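Common to both upcoming complexes is chain A, partnered first by chain B, then by chain C.
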Partner chain A sequence: MSDKPGPKAPEQDIVLRVNDLHTYFYTDLGISRALNGVSFDIPVGKVMGVVGESGCGKSVTALSIMRLLPKSSKIIKGDITYFRRPQHNGSAGASDQIKQKSENGQQGFWIDENAGKVQEIRLNDLDPMGPEMRHIRGAELAMIFQEPMTSLNPVYTIGDQISETIMLHQRVNKAEGLRRAIDILEKVGMSNPKLIVGNYPHQLSGGMRQRAMIAMGLSCHPAVLFADEPTTALDVTTEAQILDLMRDLQAQFGTTIVFITHNLGVVAQMCDSVSVMYLGRIIEQTSVDEIFYNPKHPYTSALLNSIPHIGSRSKERLQPIRGVVPDPYSKIVGCPFHPRCNAFMPGKCDKAMPAQTVISPGHNVRCFLYSDEVEE
Partner chain B sequence: MTTTAAPKVSDNELLLEVKGLKKYYPARGGFIRRGTGTVKAVDGVDLFVRKGETLGLVGESGCGKTTAGRTIIRLLEPTAGEIRFNLAGKGWVDLAKMDRRHLQQVRPHMQIIFQDPFSSLDARMTVERIVGEPLVINHVASGQALKDRVAELLRVVGMRPEYMSRYPHAFSGGQRQRLGIARALALNPSMIICDEPVSALDVSIQAQVLSLLEDLQQKFGLTYLFVAHDLSVVEHISNRVAVMYVGRVVELAKTEELYYAPKHPYTEALMAAVPKPDPRRRDRPIKLPGEVASPLNPPSGCYFHPRCRYAKSICSVETPPLVEVSPEHYSACHFSKELTLRGVSTK
Partner chain C sequence: MGSYILRRLGYMAVTLLIVTILGYIIIELPPGSYVESEVERLRAQGGNLTQGQIDALYRRYGLDKPEYVRFWLWISAFVRGDFGQAFAYNLPVSQIIFDRLGLTLAFSLSSLVFSWVVAIAAGVYSATHRYTLPDYVIAVLQFIGLAVPNFLLALVLMVFAQNVFHMQVAGLFSSQYVDAPWSIAKVLDLLNHLWIPIIVIGASNTAWLSRVMRANLLDVLNMQYVQTARAKGLTENVVVWKHAFRNAIHPLIMVLGSSLPGIISGETIVAIVLNLPTTGPIYFNALIQKDMYLAGAFLVFLAIALLIGNLGADILLAWVDPRIRYE
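Now for the complex of A and B:
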């Protein structure tokens, strides 16, 4: 069996492939190994959930792909391949601009011979601040963040901030940018978009700010939208409305969404497939139904047993996972979950890292209970 | 609105009874900071807590649940209302009218655990001083006896006594929350107000702390007022639940009844909104138009009427009191008896 994740889907069906990604942070306390070999394929038009507790690397995965990592960190190893489809290839105008800027013989992804074909772009080879990456970021790969108050600029109006993205990527004038901003605000369910474009972020409620963030993320019809805990800061009734909105928009635009969250309820409600992360690795990956009804990795089951299930009418005791998530500076030999695992096999789990193994079609897991295969 | 959530239970069973509790803040605005109105953070809360039970207090941010909790324990000065507390051996006292000196005698019986385990422990104090401080202030123990008691408390919350000389920064969020619990337990209180005790913790750590709270309740016969916004957690831990909306309790009932047969339209919307951890139960939420009403300028009549899908003309005129609509089930809605509302769907 292959140690690569899942069955390799034909490239027509996937939009982003991450292979053996390692991202480290260099801090005063030492090297923090945030990602230790993350691999997955994101299928077109689906919602993929990434779950895990704080520090498991779920946000760093998105930031690595978006090439938005802080200076203290580095992608050490691995590939991030974006399969660009013609309909996402920005506007011709914007591409012209870039062509002029970087005409020194570099391989250009905008070359017209490629029109109509799926192009493979290795994002990890691009300069994070270079013209190609800046062309892709925002227009083709977009991201919305957890706290809309800190990710919106307080001194610009909502209209300015959304139209900036549109003007930059679609090369339209200010009036047209603003018109499109109003249009997209209406699509995300803002009741009075003409008024809202003139408002500053502090004038909006938390739910409305998050709607504005989603509008900004969707304004250029991206191929993939990374949603990093988009509802965590919101109240439960607002959260329900935002999730409902994202479901509707997903159905309408067919946007591929990577949904990063720690909330298993949100995962169950939103996602088609799920990747469970622990200490910088994906430990289980399968459909949302399999995760909740047929979990294989001891960590996945333990996580499900440790949360209170609303509506289960049971008063049975929760089964906490013992211990705490180890700090990312330490290097654990063997499976990173073994010190907390109920199925720990001494001499095995603490000696080597289990490989990511396919146990049934579309279901892969990293655990010695299912395969003796070791990661090299 | 001061009304009729008068419990029909005998006084001996009760530990706490809150009547018409109000906490107003002056709102100031403009260059010279003149008063521009009143924020009615808590606007007439009625509830009661029985000995040994857990009463959940839920609501969305800004509904006044934390303010209510802190006013009950008199960390905040109430604007009006009664806070009757059944003091072991001394009978009923009204905390709302007590002065500092008398309050100090009551405080050992009622303690609080805070939400954020990072800001609720003094970073410059050792664990021994943090957990032992209540014992020192109340002259309960000193010297070796103090050390022994702190060690015992640490063991009770599942921590090693050797940690006594360490500082809070050496501990994880879950461990710090355990220290906060140890401090609250130091004086053998009869009641603990738990103010969002697990919402700052990771999922796997939440379960550890919730289980610890359940164990301690059994062991010491504790009574909890559990303030939280997570409806799944509240369902798990509470015997009864009170739902707050814009400073008022709108529904109060046994957990089962409140979750599966709610009587207030706001409770119904809350229950429908919780994302259920089950991909085979994908319900559409109930659309609540508009935003939560502002406690600075609440709407007339029932505060929930502008967002309520069952609202009729009376709702914008008359404020519905919290009344007992069926045994032990209180609701503040004009139509509680007529409406059939949807609760949490079960498997």
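Now for the complex of A and C:
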């Protein structure tokens, strides 16, 4: 795997590196191979889009990194490396606790001499519910979910729920936690945040709830924010407002964002780079400009042709991708897209899996049209 | 919240009146009266009563007037604290029931607490450890608890306690303590007698509640906000007990009020089997003997207990779930 993954940036600029990640689900129906070797680097301070049809593994990728996978699933192979920068390493209070930990001779990476340097943390080696992962989760890696209506606990106030994260990671008392919650609610454009902190989720609209979720996600200034289709459940106007807000906040805080969506229009608006996923693999990865003006993989092209363009000639018809996504329970020999591909080369695409190859700086693709390199 | 409770108290008064009337009608419904069965009894003993004597009996028990008049006389006296006379005992009703009512409430409440504590612990454990051996063991116990009738469980436990621990479990005290003055030993003896009825009365309720608890918690654990709580970096204990449990306890509280009658009627049968001086057996006999005022007084007090239980459950629910509070 040494030659391939991702657009190789120097480590200084990378906050998260995922290499050859395999996540399987063990269900009554058999093994569902949700991720089959996902590799990418997330550059610091950028917005990376992840697109693909429903079921291709976008959410599972984020949940694998957050170590929030359900018990029925397992990361069976691959590495997730988090490059921790000092400014993200929790709060002063929390690092005392950590220092103690290293004195007990646990986990070497907590050692304080590393302060000032970038620490490499292999997330897949941590216990998902153990103290190290819990310390990272919510503070350094945060996530907001698709369904704003159900993402907030109905029996606690917005203030309680946001301050809970702040109190947990920044070790402040309730009053200070609430004050910071009001601050962050103001930053996400909530009018009258002093009133909102006393409200329950059912008293807010979907858009307001998603703002509250974003506030919660950003409350501890995380290194990476995973936004899993944060606007899918909202109406178009609200969606536009939330996207605007996220762009503004990203510019303001410099937070790295992984933006999961199935909407290429949103990618064009939000992202710097994009990874296109198909059946648990990334099949093309490049900058936003390249994806729209110079797509390489037949699946990417097909995806682009299936969405309406503004200004396109009305005669041009939308092309749905023919066929359906194969189910992740069956194992497909060769490139998983070959049964639906317009450029299918018999004897080649149905025999082996193309490797992820760099075709120009910052642009890599998995397709035999561009390289004969085979994944072992 | 205050106006909500006031409104509820108003409804309670109306409900109580309706329950009382209905209860009275139902008690009156079976043919015959206490006097008739009394006359039967005297005749069977060979006595021969004249019509005049029979009429006198009716007058003495106040049964010569039409039903609605009797109801009115009874209920108006009731409000004034005069619960009437228990025919069979020839004593004022108040003398018979009050000490027993306290014991009944104590039993019902302790078995309620018992079943809630056990049900919550078992339900939460089996939901968070689904498909493990303890989960299966708990499931088997739950089905036994649901399937075995109370009185049978009472008998089994009695035999078990007697043969294995050589304890004498019927009644509230062992024979040597019945008339003894209160002492530590007597209290211990009382506790020794209490656990069997509490377990027996609470068993099926516990089994059922813990099934409900498990199912609800499993549902709630799949909710997005539980994932949100984990994504914050909270410990699994906080996720389960603070974020999931409070949403899952909801249906349990809703049935809290309505589980009281089950406990009280279950208590009756168990008290008969275990020979406990609670209200159950007396109420039961009063109904059989058509001892109207005694039965009626029980009915009213049980209804009051039930309504208070329901009100308590509703207030608890409003406290747990803001969506109800703000309706």
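Methods note: the second predicted complex is superposed on the first by the 358 of 376 C-alpha atoms of A that agree within 3 Å, B and C clash if a C-alpha of one lies under 4 Å from a C-alpha of the other, contacts with A are read in each partner's own complex, and residues count from 1 in each chain.
Heads up, the rule we're going with is that contacts are C-beta pairs under 8 Å (C-beta built on N, C-alpha and C of every residue); 3 or more make two chains touch, one makes a residue touch a chain.
In this text, all values refer to a predicted model and were calculated from it rather than measured experimentally.
Peer 1: Once chain A from each complex is brought into register, does chain C clash with chain B or fit beside it?
Peer 2: After superposition on chain A, chain B vs chain C: fit, no clash.
Peer 1: In the superposed arrangement, which partner chain does A:240 touch: chain B (first), chain C (second), both, or neither?
Peer 2: first
Peer 1: Name the contact category of A:277: first (chain B only), second (chain C only), both, or neither.
Peer 2: After superposition on chain A, A:277 lies in contact with neither partner.
Peer 1: Quick one: is A:304 in contact with chain B, with chain C, with both, or with neither? Answer first, second, both or neither.
Peer 2: first
Peer 1: Tell me which partner A:321 touches in the superposition: chain B (first), chain C (second), both or neither.
Peer 2: first
Peer 1: Which of the two partners, first being chain B and second being chain C, lies in contact with A:218: first, second, both, or neither?
Peer 2: After superposing on A, A:218 lies clear of both chain B and chain C.
Peer 1: Contact-wise, after the overlay, does A:268 reach chain B, chain C, both or neither (first, second, both, neither)?
Peer 2: In the superposition, A:268 contacts chain B only.
Peer 1: Can you tell me whether chain B or chain C touches more residues on chain A?
Peer 2: Partner with more touched residues of chain A: B.
Peer 1: For the combined overlay, can you note the least CA distance between chain B and chain C, rounded to whole Å?
Peer 2: The answer is 6 Å, the least C-alpha separation in the overlay.
Peer 1: Can you name the residues of chain C that touch chain A in the complex?
Peer 2: My answer: residues 223-225, 227-236, 243, 246-247, 320-323, 326.
Peer 1: Quick check on the complex: what are the chain B residues that touch chain A?
Peer 2: Of all residues in chain B, those touching chain A are 60-61, 172, 174-175, 202-208, 210-211, 214, 229, 231-233, 235-236, 256, 259-260, 269-270, 272-282, 284-285, 287-288, 291-292, 344-347.
Peer 1: Touching residues of chain A toward chain C in the complex: what are they?
Peer 2: So the residues of chain A in touch with chain C come to 66, 68, 129, 133-139, 142-143, 145, 147, 150-157, 164-165, 168-169, 200, 202-203, 213, 216.
Peer 1: Mind pulling up the chain A residues that touch chain B in the complex?
Peer 2: The touching residues are 53-54, 205, 207, 235-241, 243-244, 262-269, 271, 288-289, 291-293, 302-304, 306-313, 315, 317-322, 324-325.
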